[in-house]
Amino acid sequence: MNMESRYERGFAKLREIDGEAGERVVQSLADIAPDFARYLIEFPLGDVYSRPGLDLKSREIAVVAALTALGNAAPQLKVHIQGALNVGVTRTEIVETIMQMAVYAGFPAALNGLTAAKEVFSSPARHRG
Amino acid sequence: MNMESRYERGFAKLREIDGEAGERVVQSLADIAPDFARYLIEFPLGDVYSRPGLDLKSREIAVVAALTALGNAAPQLKVHIQGALNVGVTRTEIVETIMQMAVYAGFPAALNGLTAAKEVFSSPARHRG
Amino acid sequence: MNMESRYERGFAKLREIDGEAGERVVQSLADIAPDFARYLIEFPLGDVYSRPGLDLKSREIAVVAALTALGNAAPQLKVHIQGALNVGVTRTEIVETIMQMAVYAGFPAALNGLTAAKEVFSSPARHRG
Amino acid sequence: MNMESRYERGFAKLREIDGEAGERVVQSLADIAPDFARYLIEFPLGDVYSRPGLDLKSREIAVVAALTALGNAAPQLKVHIQGALNVGVTRTEIVETIMQMAVYAGFPAALNGLTAAKEVFSSPARHRG
Amino acid sequence: MNMESRYERGFAKLREIDGEAGERVVQSLADIAPDFARYLIEFPLGDVYSRPGLDLKSREIAVVAALTALGNAAPQLKVHIQGALNVGVTRTEIVETIMQMAVYAGFPAALNGLTAAKEVFSSPARHRG
Amino acid sequence: MNMESRYERGFAKLREIDGEAGERVVQSLADIAPDFARYLIEFPLGDVYSRPGLDLKSREIAVVAALTALGNAAPQLKVHIQGALNVGVTRTEIVETIMQMAVYAGFPAALNGLTAAKEVFSSPARHRG
């Protein structure tokens, strides 16, 4: 397992989870921090998301929960709401996950998460690339 | 579905998820904010946790993720790591959920989450009441 | 005190505090999470805001302070700055509350809170519905 | 109004609000950051707390709300729960302020705030210096 | 060292670090909280930034790091990325500082920080006033 | 540059920055999440800290600033205050960095950071391993 294979494994995972939205994030880093684009594929996707022990649906539920609770990363929350849909989490499960955050991070965090979900659900580009 | 039933449904859910640890939280509120103890059972447990649409395992994964990411509620994180075990989330799934938070909330948050998990996993009182 | 009365009491409180802005929030949830709209009226407004023991002005000062300090819920901060005005908190008291947050959450949080207040104070729709 | 008077005004305010707990905080800084101790008296207390436009009780309610919501400054929350008592906020008003934070920052934040209040309320050193 | 000199020292520092962007922030406060504009110059700039013991470049690196990690003060982050450039921090050093925050506050925080840097770096108004 | 070299480079960096405290963190993960210990050495230390473009002193200043501002990772803050000393940041520079956070994250965050620094500075185990 050399460095190249972390990248390749991560890039495949990026396409599986995030589709074109993930590739756009990577491309947007090309001129300012190309190494960071590489790290993004290698560590979160090539190392962490590729691990056995927790299925992709649960990983995306965990991420949607955390980003809703933190409340300071709206663009990434939308990417992961779409990512959750892409790996088979249902709309209902996403909405329930976000609603549950009202208990742990407050109603404003949940409200803003629901607004993000509403935007993703109604986007014409919702199907994967 | 009257107010009493929200409480009863919530209290049953409290015992299912949190076991005795949950009851201790409720008891600790008796002298300072008894109404808050009631709300805690009625709203998070009677209303939210009791909803269909997301299974209990996924709800606990979402909560462990969010509390690890927020990083400012160590006692509640431990209660929910135990709660996750109680509803069938495996130790591996809990560790994976917490590790994933390194990506979304930083390595210190994940490290502190793993320390909390280690304490819960090694506690002699780990089995449910 | 049955479930219906929590909703009715909460809805009356919503109109008293938030006016039309509150109703718009509730309506915006209708297609994505109607139960959450109901919870929003029942728990924060029907249960918490309706409690004796702390007057509405103090409750709104507390909320403006907290949302300014958290700094990740701009839409809700604006709703509550307006809500504070609606229940009799003066513009000066709102500005002082936000300024005080510079001490507890930093100058950027206070600056962004003052920007929110400026937008609410200058809005032509500032009078209640 | 020269620099000395900011300090004097702030120190009087420190004694009024925080009593001996405030002086202990200042003393604890003497060997590591004495200038910071001075700033602490001059800016938050001499400048901000001394302003007209918001009464001391409301200022302390705002601070208890914000520190409960932020959830990462337990020692300061306790100092300000005591400070709130010192300037005339009742125990009930403090508990209500903290409970309200369940709505805006989640139940764990409110639970930890109530635990802090419980400790302050039961402390034998609760009366002012 | 009287109050006037804190203001004068702070205002000179504001121009050195933030250039016209800093002055615009101060002007934007004129009608809603003019005293806060004064505090902003006196305390952060006149007191803190003017201290010996840490050079201005390191101070700006610290601020860019903290605002990236907090992730809830985008306008101030941009002002300080420009401020860092103004006092001699290189683009590379800024990008490295922000990238490092992926480790301590998560990849979303770092991504949003890099987006802010990209906007500042590409702004035609980047030269100092 | 294969995976082994990321680990080796990271482990050397760990010893340079964190000394024995870093190794203890890694050892504490051995029984619960050994892969996370490896990631911790490979990504933050082997990838990020080892980059040119920002000297180690500035990296540690950035981390002390961020962890002080976030305020929810006390153990890691202490490790990095010691790490900053280890790579040549002076006590004064550390204190100034933390004090500056009063402006960006509030006085409680800075106070808690100064308390952490005081503990590290007075520890008999302060010399590097």
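By letter and in written order, the chains are A, B, C, D, E and F; residue numbering begins at 1 in each of them.
As a convention for this text, a residue touches a chain if its C-beta (ideal position, glycine included) is under 8 Å from a C-beta of that chain, and two chains touch if they have at least 3 such contacts.
It should be emphasised that the depicted structure is a prediction, and the values quoted were computed from it without experimental measurement.
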Same vs different contact residues, chain A with chain F, by half of numbers used
same
Of the other chains, whose C-alpha centre is the longest way from the centre of chain E?
B
Please compute the C-alpha centroid of chain B, do the same for chain E, then give the distance between them in whole Å.
40
Can you work out the whole-Å distance between the CA centroids of chain D and chain F?
30
Residues of chain D touching 2+ other chains?
35, 39, 43-44, 48, 51, 67, 69-73, 76, 95, 99, 101-109
Quick one: in the complex, what on chain D touches chain C?
43-44, 48-49, 51, 53-54, 58-59, 61-70, 73, 76, 92-93, 95-97, 99-105
Chain B-facing residues of chain D, complex:
70-72, 95, 98-99, 102, 106-112, 114-115, 117-118, 121
Under the stated contact criterion, what part of chain F meets chain C in this complex?
69, 101-109
Of all residues in chain B, which touch chain D in the complex?
25, 28-29, 31-33, 35-36, 39-40, 44, 67, 70-73, 75-76
Listed in rising order, chain C residues that touch chain B in their complex are 1-3, 6, 35, 39, 43, 47-48, 51
